[in-house]
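Only one structure is covered here, and it is reproduced in the block below.
In order of appearance the chains are A, B, C and D, and numbering begins at 1 in each one.
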Amino acid sequence: MEEKRSNSAGGVGGMVLFALIGFVGALVVGWVIFPKLLYSEKTQPIRFSHTVHAQLGIDCEQCHHLGPDGRFAGLPTTESCAECHGEETGDNSPNGKEIDKFVKDYVKTGAQVPWLVYQYQPDNVFFSHAAHKGFECTKCHPDVAKTDTPPTYYQNRVSGYSKDTMKMWECERCHASMGTSNACYVCHK
Amino acid sequence: MSGHSKEFPITWGMVIDIDKCTGCGACMASCQTENNIEPQPEASNKLRSTSWMLVYELTNDKAFPDHDIAFLPRPCQQCGNPPCVSVCPVVATDKNEDGGIVSQVYPRCIGCRYCVAACPYHVRYFGWYDPVWPEGMEKTLSPLTSVRPRGVVEKCSFCHHRWNLAKDAARASGKNPDNLDDGAYVTACVQNCPSGALSFGDLKNPKHKVHELIKNPNAFRLLQRLGTNTQVYYISRREWVRKLGDNYLKSE
Amino acid sequence: MEKTWYPEGVERCGLGKFMGWLGIWAVVGLLGVLSMLWVFYRGIGVTGLDNYFGFGLWITFDLAVIALGAGAFFTGLIRYIIGLDELKNIINLTVIKGFLCYSGAMLILSLDVGQPLRAWFGYWHPNVHSMLTEVIFCITCYLLVLIIEYVPLILEQKQLNKIPFLHNLAHQMHVVMPLFAGIGAFLSTFHQGSLGGMYGVMFARPYAFREGFFIWPWTFFLFVLSAIASGPCLTVLICGFMEKLSGRKLTTYRIKSLMAKIGGTMLLIYTVFKYLDTWAWINGVLPKAGLTFDQMFYGLVYGKWLFFTEIVLCLLVPVVFLLTPLRKKPAFMYSGAFLACVGVVINRYVFTVQALAQPVLPFTKWEIYTPNWAEWLTSFMVIAYGFIVMSLSYRYLPIFPQEVGLNKK
Amino acid sequence: MGLDRRAFLGLVAGGAVGTMFTPIPWKLLDDVSIWTQNWSWIPRVPKGQIDYVTTTSKLCPAGEGLKIMRVAGNPISAAGNPDHPLSRGGVSALARSEVYMLYSPARVKSPMKKSGKGFEPITWEQAMLEMADKLGAAKGAVACVSGDGTGTVNELLSAFVGKLGAAGYFMMPSEAATAAKAVKLMGGKGQAGYDFENADTVLVLGADIFETWGTSTRNRKAFGDSRPVGQKPKSDYIYVGPTRNNTAAVCDQWIPAATADLGVVALGIAWHLLRAGATSAAPGFDTFKAVVNGGFGPEDVKRATGIAPEVLAGVAKALASAKAPLVVTGSPCGQGLGAAPVIAGMSLNLLLGRVNKPGGVYALPELATVVPGAMTREAMLAGDLPAFLKGVADGKTPAPKALLVYDANPAYGLPETATMAKALEKIPYKVSFSSFLDETAAMCDLVLPNSLTLERYDDLATPYGSGFCVYSLTVPYQKPVHDTRTTGDVILTLARKMSVDLKFDNFLQVLKEKVATLAKASGGFVAKDVMPWQVAAGKPAPALAGGDLWKALTSGYAWTMVGQVQATLGFAPEVLAKAIKAGKAPEKAVVLAPYAQLRTGTPTTGIPCQDLTTVPDTELIGESTFVRLNSATAKALGVKKGATVKLTAGGASCEAKVHIFESVMTGVVSAPLGFGHSAFDVFSKGKGANYLSLLSVVEEPGTGLSTWAAADVKIA
């Protein structure tokens, strides 16, 4: 034992040094590597360009609107997209190809596009868009209107949620500041 | 300790006319699908099956031909002073909302079942297993109630998601979501009861008919002497039925 | 080789025999582990619990084990705080017993909770009004205290103690032990009480409900008293059992007798309050709820015999056995201690199960609860775990300071 | 610089401490708990816009209009349609099942052909070819059993079978058939309709009007309306029957009487009414009076039924003094009652002058048929299936060469189940159109699954019990979940293949023609703001708006008509004299009095999985069903609560557990129907016993009708 000690980097001092290395190493792993490992990256099934549509003068509400019962219709259905994109264009530009992909894979098959929604709340949350009508959409949603390529979707490998899913404390903070009730059943179902 | 009742400006309540209940089970069947409770092959075993709404058969305990029966549908009584809320270690159940509905938040619940033990009405159910639907039937799940994993406690919520819907509808049509018309928000059991035995509304709103009904001399509540101060009222013209709503000493 | 690990100057049975003994318990433990894994995999549905009996054998087991494990904090309190130095000869045993009881209880609790991965919500989202929150706080903290108390014992193992660092650590830990004994006593008193409080606050369950003092129902105090009465009794029983098993004297009869006397004294105090409480329950709580004493009992499993066994056979009788000269006779001392322990188990059982079985709604009926294999096997697993750890501790750790002296040939 | 133990310890300790200052433990702790609310094996709920569409229940015999909630176009749940006169927002547990039953594990997922003991899936084309071949060979001896009492598909089936050469067209036994027979024997015409909405005193003889009898949901709505919550009831309901069943539980009075004595009780009441001066111009009154006075005096009735004279006098008084009394007769178990008790009950309506009056009984006209060669409902109801099958089993009647089974499960849902199964075995070629793999389908050579309510066009015309003519449509809102087809279409395709002319190309055309015929009928209107009972009570009927009746009907509204066929109803005293005798109550063993409830489904649906929850533990536990008897009966039999007993009758036996229930007459054992399936799925199969099998078919004297509503049983 005595011999070993003399071989080492100098007793307690070495221990402290290594402790420091361990400490810093852990910080690096925890703050830099871990977050990268925690999320998987996903891209949208169709590279939908909001800018193109916005430039055509299409209002957000034309596709994302409240239903008559005050419930949010969410994303447009394949059928409503097909009102404009019913047929393949044969256009060889990147946008044209993407449209043709959409027509071929979804319009022709009648399937709905499995869009990845950055903000979806879990099933146990009841979110009313009607109750939040007064706010700008971008208060909570990423401002996709200015994106040509939809942002990457980060999925938490453990919880399965989108990285952008609003956490409860964020909802609560705003409710508190607005004087709105934070009772459980205001949001949970 | 027994604590005290909070007051809420809106107090949703149910009035159940026992004399009109035929015990058919439409309320229970309505509840099961409204609230995404899985079909249970051993559902008649009441000790293990989940039924937020449960119809009890009451008898006057006399022999034929003096025997009489009545059916008592039992949703969560939404106590004003809930025995279950104060015991929850993690605030998974609470009574803190306008409307006075005792909430149960599944993602918070740790499944200790202390609330199950505390509730004398047996309205609280535990998820003994993960819920399973026959293949494809999950397509008929209601979007308005979340599916619970195993290991958490669940109970009748007065279909509070329907309240949220009604508030949304009121907002969409420019009405006041905090002053709903009578009938704008009713639970699934109330809606579907063919006999009209169940009424629902804001007990404090004079425009709602339950406001008057609870003042009926034949109205009573379950286990009132325990101080639970429930928001579910029962009505029966039969004295023996009313007497079964609580425990009484021989001298009383 | 293995012998060099024994504490200084003691004899132990052969290794083969010891391994055989451990093997038996390992089999029991293994069965328990398998059923535990099954419970984690499938859910609590595999038990005999149901919507009427959300609490059953597991909770009864936890409460009983925690009450009986109370010997640790109470003995520690008397030894370190009050300063009854004699108890140093048995304190180690009580610490290990306490550790086993609490860690075992935690194990069972993690099974009993429907969503064990969320158990930490008790800290992060606590409901300060819930007695259970207090229990969660205190039990986990107290388990830490017990670990801190147990660690120096391990470090005192002959071979480990040769390492200067560990030797010093053990020494330092011993120095601060009174502090931990104090913290332990505080925590333990509180959660013993809160466990009782858990039942006492159920105001819609007349079987369990009790009026009380400030925020604490009477059951709070009764549970504390019954725990500190039965805890020392179990220590005595364990010590006696170990002596019987090993054929060696581990402490003097005087120490055991002292422990039994402490237990008996507490039992007497408990008895007085329990009788007062029962009287108040029969004449206060029950009539207020519109119920009678007779309505609290049903059939054989929920019969009055349980009630009388608990409050006569397991209170009055052991008080006499433990506090009169009868205690001098081992038969009386041990049977007194045993009855006291049985009494506390019955008490925890009826508060857990009978309180739930008793139909409060007039149109419901008594339901019977039968624990099934999943609950039994996991409970036995904890017992097996206790036997194994206790056996190892006895074999390799210097638990009993008097052992060497008492067994000189 | 080597990594010795100390350094290693330092590294680990530093790392551990450092980790505590990173998100790793805390984020993972949080994410793991979030994971527990997001387990991949727990189904997600659907997302999308919610909307509501309307249709009509075909699974539930009460015929409720339904309001279907959909999410993103997919049906989610069924509720009552407030605009439909047979629902008014109410729904039975069975009708509530319409959506999830789409995914019932018991569904037949494609056409199937018998292969050995099991089935093998085949294509529709193969199935059609085979069937055309087999039916072609069976020409002249093709029989059909239908369980759909209200659908126009019966017209297609009967015309098809008729043109192939019918060996018989039979409806599954129902209250409707019994009532039709009674009306016929009384010289009347049309379907008896009961105007509960306008009645103020209702005497119910046996009929479980709030469960299985007729338009039970509508009946309950009417009952509920006459009893505003918290107020004095505006109606008086009296129930006569062997048990205080769900109907009797809410009635103001229950008069215990054995099922076999219902006719005696009716005539006993008639005696009191006659004494009080009741009279009638209806044919046969004098003879009727003589029959009643001759054998149904208070003492006779008391001797036969045990009912005290003052009880019946009280009932007679209540009826006579009421503004709008109504007498309803039916079987406590929804089937098997003779026509004579119905005639006896109807004669009370005659005595009280309640025929074709608001709040009374209407003789409702049948809606015109549209398929050439189709049978009328009256003609279909005349068939006596149990008698026919019994004849086949005994070899007295030649077995048909082929049998088509539509919406029916005769292998389970008939009395003397063993005999009926034997008869079915004798039929060489059987085809079932069942949506579910029921007991009968399991015996068939070919199963051609019908699409379910939400997957098909269909219709509902005046279910028995309705107080008015009513017609509503079933509209598909879901692509067939499995490879199923609407049977109406299948029959039309088959007919074309076999060169049988049925005029139509597809079933939708048939329905459109039916609706077009209705649009032409006078007096009909779409029930929206004005309901038919209001019209009966005097409110003017609105005109049939616009003429686009199809559109109104596909929007969930019902076409209704208040009217009656002109035919004089007589007392049929000679039938009563033969069939009803107030003898001395024989010293019987014990009488089995079954009861049925919608929550256990119908023989064709099995127990809907979610409705199993509504079954109490005093009816079913594990694999045992309970029979109910009162403590006096139990004592006499020496059986105890919870004991397992064997019920034996007519050569068959069933097991049961004993439930002591004091609201059963002494000497009666009450048993639930709807259990004891040997087919369907885990929610039905093997649950309890089918007590129908204990009931023997007996021919009713004077009417010749098969009856089986009660049977003597041995219990041990």
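Some points to look at:
In this section, a residue touches a chain if its C-beta (ideal position, glycine included) is under 8 Å from a C-beta of that chain, and two chains touch if they have at least 3 such contacts.
From a predicted model like this one, the values you see are computed outputs, not experimental measurements.
In terms of C-beta pairs in contact, the better-connected of the chain pairs A-B and B-C is B-C.
Centroid to centroid, with C-alpha atoms defining each point, chain A and chain B lie 37 Å apart.
Chain A and chain C have Cα centroids lying 50 Å from one another.
Here the CA centre of chain B is 39 Å from the CA centre of chain C. With centres defined as mean CA coordinates, chain D is found 60 Å away from chain C. Counting only residues that touch two or more partner chains, chain D has 32, 34-37, 44-45, 47-48, 50. Within chain A, the positions touching two or more other chains are listed as 67, 69, 71, 122-124.
Shared contact sites, meaning residues of chain B that touch two or more other chains, fall at 46, 50, 57, 59, 106-108, 130, 144-147, 149, 165. Chain pairs that touch, as defined above: A-B, A-D, B-C, B-D, C-D.
For chain B in complex with chain A, the touching residues are 94, 96-99, 101, 103, 105-108, 144-147, 157, 160-161, 164-165, 167-173, 177.
On chain B, the positions that touch chain C within their shared complex are 1-2, 46-48, 50, 56-59, 72, 83, 86-91, 108-114, 116-122, 124-130, 149-153, 222-223, 225-228, 244-249, 252.
Partner chain B is touched in their complex by these residues of chain D: 34, 36-37, 39, 41-48, 50, 69, 71, 74-77, 79-80, 89-93, 96-97, 99-100, 102-105, 210-211, 216-217, 220-221, 223-225, 227, 229-230, 244, 246-247, 249-250, 256, 481, 597-599, 608-622, 630-632, 662-666, 681-683. If you check the complex, the residues on chain C that touch chain D are 115, 117-118, 120-121. Interface of chain A with chain B (complex): residues 66-71, 122-124, 126, 128, 130-131, 133, 181, 183-186, 188-189.
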